[in-house]
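Below you'll find the structures, each written out as structure tokens.
Shared chain: subunit A. Partners: subunit B in the first complex, subunit C in the second.
Moving on to the complex of A and B:
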């Protein structure tokens, strides 16, 4: 069986997810034995920009006309499109201000000359093209990326967590930052998979992986209010990483 | 209590006895962790063991039902797959278990014995000895007395210890318990009538601590078993659940699991891993259909399992030991006593 042809792309973003992939040092050699990496500019300038791909990994958001065209071209080239990272999955930090007046933001930041940029209101990948797999995280977790590759190689879709960060936090027998320390820890509504890295170090969850399936946002806001965090502060925190509904969310989030 | 089942040992002899036990099996005991939190963990010396402590937030169930429990090794020699069961034959002695937690382990034992016995669980359970420390001062959120799970136990333990002023009162509950005394006979002597009276007085005082009962399972059971709990009530309670899964993960009687294969060396190991019935993905089927799609459906399921007469008949007890952990971990308000109260009264006020 020929090795599947793979491309790895970055739209507007920090390239943190591609770096996480390159940081899989112990697994990289094994990976290239199984995958034919054809187009991965961050790793190699020797690339094939037009070949058909079996799997395309795309990180970042669509923030310009150019991003949109690139994403459509990638979609047309590939069988399976994997959104890599919170930006690609739910907009992430770049989408934080997407409901603001774009022209005003550009002029405030760059002056009138900034109007030459083709900036668009930021969109997550699924708002532009169809996405087959979503690996969230800011940045992604190595083990989820590797598990995803293993599943795709076996002709399957990966089983990714749909439970909240609290699950893994409880399994690690951590002290609850919300209950015991009254911190605004977004663990109960944030998608797990990170092994509760931050709460395990005593740092409250900032929700960098986006919302868990069926997150009960209304109850969470009530609980945070009981701990003295006003509703608008909580919404702001919630919106920092996941301003774009990703289709898993309850209706109320979209109607907020 | 038969006379030869009631013994006592001088408090200053305890470390020597426990050190002796430590040479025969791994000792699991409450220890002090960061922030002064209590954890059940392996100890290498009796000095690490806590004797006066607030119960740990995590029950000691993971020593019987590990978070990731390897069940079967799978390997392939080309065309054929070979299966080989995994056995945990390590001997462990769990010391200073609280009555509620020991009762929780008995519940799990019945669940894994009923209908299709679970060899993996039962093999592990055979190799564990359970030594409890009766609660002379019940803990604040606990309501064990409502579930017949404390503060003192009548049976089920291998050994039950009660702290008297200068001696430790030890009750033998099984042959396994008696074997823990082998080699230390000289340290133990039959309890005197005075010691037995003291122990009875301590139990009576501990029971008195609870005043009126706090969790009326009986009347809730009647309602839930006969379908007299309105859907709207589940919906109202579901609105207060953050679906963090905390209550199920710290519950001494919860055992919902998922199954995952793990790649190990040249083969795989099929593992049972902890899961929670409160997560939507728990019952999500491959087709995308979910028989319990709403939070209310999952909450209803959880409490039906815990409190209904149908399960009471199967498991021989309510699925709660009154440890009060769900009261401590629930970020919302849907802990066991609150929900039982709501079912009983048919109303919920958040």
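Moving on to the complex of A and C:
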């Protein structure tokens, strides 16, 4: 079987998903033997910027015309486009800009000259081009990335969890931070796959993996309110990593 | 005859940046470190957010420095609300910073910088001939990540760090495993020092550099302290962090690009080489031997020495972490809750050393603990001016003025700075590109 031609790209973001790939220290050298990595700027100065690719991994958000052009070029040259990380999948932290007057934000931070910068309202990848595979997480989990590579090498699409963090949290027999401690833990509505990292340490889930498939947002908000958590704090927290489209509850929430 | 040397998209650095140098014959007319990173406006986005939410948000400024961002933010919040974390918390945070430093330095030294020295485009290409070397780098990098996972709960964007302390403490089993890893890390680090001491000298850029670094209250560290030292021509000047912070805020936002921060009108360098210049006499053990073996003299006039300085810090951090884990195991970790927090109106300031240098946070809060203002200055922003200065020196001092030779040197200088361009919250985009 010929090795698939692979590209690894970062748009605007923290580079945490590419770093997670490099953090597969035990697997890295074995993995690159199975792939023909043609374009990975963060790791190599030898790159082919135009060759067709079987698989393109893209992390980050579209936050500029430059990002948009790069993403469209990547889409045009690849068969399978994998969105890597919560930014690429949902918009992530930078997409909190939807709750703000962007012009005012830019002028506040950079002065009126900031208006000349190449800056667009933040979009997730699927809001610009079609996306074939979504691996969420802020950052992604190593094991999901490696499973994705293995599946794609076998000509399959990866099967990733659709259930919420609570599922894994219960399996670890953790004390429930929401029900017992009245904390604003977003586990019930957040996509699992992280083995409930945060609640296992007694820290509330902040929703960094984006919404679970069947998340009942309305019910979750009701439960949070019953525990005396202020609605605006809950609402802000819910939208930290994944904006609710049109700011509405909750049907659109499921569209990811 | 005018010409322009341009590195369109710098490879093997974190984030999106480039270099432009304009020459009139062989005289440098203009130098620019271009930033193409899109705006994420994070300092604006945290406004109105409860203090509890902010560390997890700002951590996303940068993955490689995510511990520094999250914990410096927490330190600023604790400063604003007069929260005194427990001694155990302070020790664990100190250890966590060392984990981040080890990971970041190993990644930079072996995967990003070393291929230049050995003549390869990437570490994976280098692995074909030098597999042992790449594996050595990956083991050291993994050691840093293991520390971060053990203390911070995750290698990137630590989940266990909260205002007032930690969610949970590491178990005895985790610390015992970490101890074994650190012992192996010591042996690995000795090999890393041998390797870096054996490389051909990179001796093409000399300048009288001003350095700045955090002044820890004791020892050589990255987390504790509230004063910084500026070192000009070997003469130190100690000042409270506020002074630098206020000074820099002005210069950062009023300029369109290029000149980002300066001290008394001069650019300054932050990072491992600056820390050694300022605090080098506090080093002990294997780090002192390493410095001799690497032929590193302080304060250095060669920015390429930042690579050697990172090797020295690797050794110090691993030794220090091993001693600390030993004493934590001997004394036993207490299960303690995070110190409780009572928000109040006011400002909080904190400064620490991220792997790439000084990191400064200034946060304002209302009476309910919601953010009213945020100002973050990152190492890459502090360094932006200094790196341009060194680009100019490297070009001027190069006997070979061919575009290929100059490009190679410019790229090596940029990489030696280990820039983290995602981090450059305040480094303004290049106008050329827009």
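Operating definition for what follows: the second predicted complex is superposed on the first by the 243 of 256 C-alpha atoms of A that agree within 3 Å, B and C clash if a C-alpha of one lies under 4 Å from a C-alpha of the other, contacts with A are read in each partner's own complex, and residues count from 1 in each chain.
We take it that a residue touches a chain if its C-beta (ideal position, glycine included) is under 8 Å from a C-beta of that chain, and two chains touch if they have at least 3 such contacts.
All values derive from a computational prediction rather than experimental measurement.
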Comparison of subunit B and subunit C by subunit A residues contacted: C
Partner chain in contact with A:22 - subunit B first, subunit C second, else both or neither: second
Partner chain in contact with A:187 - subunit B first, subunit C second, else both or neither: first
Partner chain(s) touched by A:93 [first = subunit B, second = subunit C, both, neither]: second
First (subunit B), second (subunit C), both or neither touched by A:208: second
Touching partner for A:219 - first (subunit B), second (subunit C), both, neither: first
Partner chain in contact with A:176 - subunit B first, subunit C second, else both or neither: first
Which superposed partner A:47 touches (first subunit B, second subunit C, both, neither): second
First, second, both or neither for A:236, with subunit B first and subunit C second: second
For the subunit A and subunit C complex, residues of the former touching the latter: 10-17, 19-20, 22-23, 25-26, 28-29, 32, 37, 40-47, 61-64, 66-67, 92-94, 96-97, 100, 102, 105-106, 108-111, 113-114, 116-120, 122, 138-139, 197-198, 200-203, 206, 208, 233, 236-237, 240
Touch list for subunit C against partner subunit A, complex: 9, 11-16, 36-45, 48-50, 53, 56-57, 60-64, 66, 107, 111-112, 115, 121-125, 127, 131, 134-135, 138-139, 141-142, 145, 153-157, 159-160, 162, 166-168, 253-254, 256, 411, 422, 428-429, 431, 433-434
Residues of subunit A touching subunit B in the complex: 162-164, 166-167, 170-171, 173, 175-176, 178-179, 187-189, 212-216, 218-220, 222-223
Subunit B residues touching subunit A - in the complex, by the definition given at the top: 34-35, 37, 39, 57-58, 67, 239-246, 249-250, 274, 276, 279-281, 284, 295, 328-329, 331-332
